[in-house]
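In what follows, structures are represented as structure tokens.
Two complexes follow with chain A in common, the first pairing it with chain B and the second with chain C.
For the complex of A and B:
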């Protein structure tokens, strides 16, 4: 298989396979998790303003009282890399074109120099996140293979995409193919690892907000 | 032992519901929950990271309820939960967790970690790995009637003392009274002023109330140990008493876990909604204050601060009434850092204070309270939980801090004018 054939495969069959596994995986995991249900709370509720599942879904996007000071790296690098990743994935013109070809939906992108800068900042933030996981005793202690592995499968698409755009390391065609392959691996891995928090974060916040909201506690 | 491990695993599997599955699936191992836990912050030991305290439960969830986990189990790639492991985890699930819920308040994923610890304890207890201290408290509550072995004659003796000292009759088993007042054995034995305070406050407010001879103990060690069957037995006594006496409201005493057990678990434990209301004494006092039924005179002038019991504030949603009450009788009321919703636990909630072998850790964790107190340097410390009060007193004594601890209800009662005098005037 030469580089063109490789690129054609990752763009065609490879992509179809990855997207299918991703969608099936997400659906399966959502059913597997939320299908378990929960018991009805028979205690008399206490109502308080701001105490509900929906409130918590939004409120938890901000650090809890006094927590930013306690773990600034987690928050700042965390925000930076999540936001950066979102911008690069959804506002880079070639990505929008791909999404358009798959779904018909499209929107204006950001200039490529700007995306390049965001990508560098995001890569840096991810390196900081990794260094923090290695150096902080708590993080290192609770980290498992999955933590290192998911970091890598999130980092590689970002790095290879940036290298491809910059025409670094490998010829453009090869790097682009590697980039797409990395994204496909990420898609397949996402539903079955902690990366699935991208979906369950909303459910978890909602449950916490609802269970405590029943008691009139604003969480 | 294998039989009880089997039972523990079975119970634990029953505990896992959609919220728990969602929480485990959301955890990204960011470790922020550690920063919220006083057992971590005061020892620096990463094993006290709250989410780590649930590791055996997480693995069981993965192995039993996820496709990938089941596959891994089938091909022998997963590590089964063992009896020895649960034994090791006892320290993490009981001694170093007071169910204070700060971790649940900070998790950016929204994981309600304390919800999971509460459920994990059901499995631990079924597997025979609950600490001896709490087991003893549960057995005494079920067999004798209270965790400290207090029986009805002790309550009656205290009623007599209060009647003699204050000249106010203490009603017992009065059918149709508005309020059923519950006590904790800590109050019966160590803080008799609570009953006297209630008598004075109710008399001034002109409300009818009663004690119940078959249900006077409010604390529920069954809930703390994580045994819903025993917790149900204990709660049922109160429900039967309240329904027999046809009261409108049951008042949970100055005790955090009694309140959670009765207010937020009770109906679920007995499987039907209550026919009466449940309020913590602070909520009742707050209502009296709002309705103008609570009239106090004079002010404390020394520097006072308030320790929020976790189960009342963060886990129970009662935060403002205690502050309004403090301001009613104190000129110099100061707040500790993190007071209110994010207050730090005394270190002995959730049954932890009953664990003898956990004392050293408890005292280490108390350094958090010490630093909160040092920030405001109060003359006295007020709280609304008899268990907090004992734990605070022990911690203060250990660190040689001369700060008396008092209950808010008795503080309020001290400012209620002598009724005999005011009626005569």
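For the complex of A and C:
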């Protein structure tokens, strides 16, 4: 298989397989999680529960009081890489073109120099987050294989994409193919690991907020 | 500087100075040091009389003659064409006056007279299907001819994407079993000059290099001269700033297209194509595909024909996603089945639940 065949495979059958497994996994897990249902709480609500749910969705996006000072790396690097990842994935013109061809939705992108800068910052933030996980004994202790693995599958698409654009390490054709392959691995892994929080994060926050509100914990 | 070539050129109204400038340009295009231009000029000017000029044999296999058209016509009658005055093109079916047995004789005479010294140019792919019956010349399959002629060659130039990679004949499903020259010949230096067709100056540049230094220029891992195939179209494209600014033509007739914006979204394969079109241009430097408003097809890359479509952006799926609908249905089915199973478990647990009474606790 030469470079071109490799690229055509990852753009063709590979993408088909990855997107299919991604959709399969996402639908399966969403139905499973939300299909579980919750036992009805028969107690009289101590506080109007609805607003609490929505409030929590927003509030937990902000650091809890005094926590930012206690563990600044987790928060700042964490925010940076999440935001950066979102910008790079959804505002780089070739990515938008892919999303458009798959879903028909499209929007204006950012100039590639901005994307390049954001990518560098995001890569740096991810490296910092990893270094923090390694250097802090508690974090290291509670880390499982899944934590290291999901970091890697998130980091590789970002790194290979940036290397491809910058023409580093491998010829562009090969690096582009490797980049797409890494994204496909991420797509396949996402529904079945903790990375699924991309889909469940707001749902679970809303649920927690609602339950707490019902119990009288006003948030 | 004197020699048969200089005299020939003078007769055609080309001054020595123009010739020197041409050689200097050729050398700079190939990223050679300035002195190389002079060395080239001297080597070519000193080329001996017609009988001793380096022999070149040009074999056409499964091809469309586009490569020959490109070399002979597009730059004629500029200096590009005159470079043929320094070689002895002993066999070229399209250009030679001889035909049939006479042509075959010319081929064999050239092979015999220049054993081990001639340069072999091949254009077209070699079919291996049906024992090579898909393409025969003088009753011999292309495979036989190639092996026979390659044996005595000093070096082989695979001209065009067909000879270099199998090209269009090799496109899926490759009905003739087409392969490239390098797939068959393993014991000779081979230089690939891919393109459909290749740029004329690349051909003449390589010839000049071979004549001057007696060796092939530096090649990349696909066997292409780095001087011409070292950079991608995208990196040398004059529309590149628009790519970086995110300005794309969405159709061939929109405002973006009229403003000359980037053609990436219209399927341009410039980012993965290594060739010199963006710098050397075509038709004597007149224009090139992207300048004329069409994206690059990637014709100097292997399997460009099977790259998922000329009008699909590189970041778009190469083929329609066929499994997605099925996979989504399976996902929903598995999700629903798991939910039903979980509900069943919960129901069973509820049913099996025994109430604890005071009496139980006092036991």
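Rule of thumb we're sticking to: the second predicted complex is superposed on the first by the 214 of 219 C-alpha atoms of A that agree within 3 Å, B and C clash if a C-alpha of one lies under 4 Å from a C-alpha of the other, contacts with A are read in each partner's own complex, and residues count from 1 in each chain.
In this text, a residue touches a chain if its C-beta (ideal position, glycine included) is under 8 Å from a C-beta of that chain, and two chains touch if they have at least 3 such contacts.
Keep in mind that what you see is a predicted model, and the values were worked out from it rather than measured.
Student: Report clash or fit for the pair chain B and chain C bound to chain A in the combined superposed model.
Tutor: Aligned on chain A, chain B and chain C fit with no clash.
Student: Which partner chains sit in contact with A:93 here, chain B, chain C, both or neither? Use first/second/both/neither.
Tutor: second
Student: Just checking: does A:84 make contact with chain B only, chain C only, both, or neither of them? Give me first, second, both or neither.
Tutor: Neither partner.
Student: For A:5, select first, second, both or neither according to whether it touches chain B, chain C, the two together, or no partner.
Tutor: After superposing on A, A:5 lies in contact with chain C but is clear of chain B.
Student: When the two structures are overlaid on chain A, which partner does A:137 contact: first (chain B), second (chain C), both, or neither?
Tutor: The first partner, chain B, only.
Student: For chain A, which side has the bigger count of touched residues, chain B or chain C?
Tutor: B
Student: With both complexes superposed on chain A, which partner does A:74 reach: first (chain B), second (chain C), both or neither?
Tutor: first
Student: After the superposition on chain A, what angle is formed at the C-alpha centre of chain A by the C-alpha centres of chain B and chain C, rounded to the nearest 10 degrees?
Tutor: Computed angle, apex chain A: 170 degrees.
Student: Touch check for A:29: first (chain B), second (chain C), both, or neither?
Tutor: Both partners, chain B and chain C.
Student: Mind working out whether A:161 is in touch with chain B, chain C, both or neither, as first, second, both or neither?
Tutor: The answer is neither, since A:161 touches no partner chain.
Student: Is A:172 touching the first partner chain B, the second partner chain C, both, or neither of them?
Tutor: After superposing on A, A:172 lies in contact with chain C but is clear of chain B.
Student: Rounded to a whole Å, what is the shortest Cα gap between chain B and chain C in the overlaid structures?
Tutor: Between chain B and chain C, the shortest C-alpha distance works out to 6 Å.
Student: Once the complexes are superposed, what residues of chain A are shared between the chain B interface and the chain C interface?
Tutor: Common to the two interfaces on chain A: residues 28-29, 32, 35-37.
Student: Show which residues of chain A lie in contact with chain C when the two form their complex.
Tutor: Touch residues, chain A against chain C: 2-5, 7-8, 11-13, 15-17, 19-21, 23-32, 35-37, 93-95, 97-98, 101-102, 108-113, 167, 172-173, 176.
Student: Under the touch definition given earlier, write down the residues of chain C that touch chain A in their complex.
Tutor: Going through chain C, the ones touching chain A are 232, 234-235, 243-246, 248, 264-265, 271-272, 301-304, 306-308, 312-319, 321-324, 326-328, 330-332, 334-336, 338-339, 342-343.
Student: Can you list the chain B residues touching chain A in their complex?
Tutor: Residues in contact with chain A: 16-23, 25-32, 34-36, 40, 44, 46-47, 49, 51-52, 65-68, 104-112, 115, 263-268, 271-274, 277-278, 314-317, 338, 341-342.
Student: Can you check the complex and tell me which residues of chain A touch chain B?
Tutor: By the definition above, chain A touches chain B via 28-29, 32-39, 41-44, 46, 48, 51, 56-57, 60-61, 63-67, 70-71, 74, 78, 133, 136-144, 147, 192, 194, 196-197, 200-201, 203-209, 211-212, 215-219.
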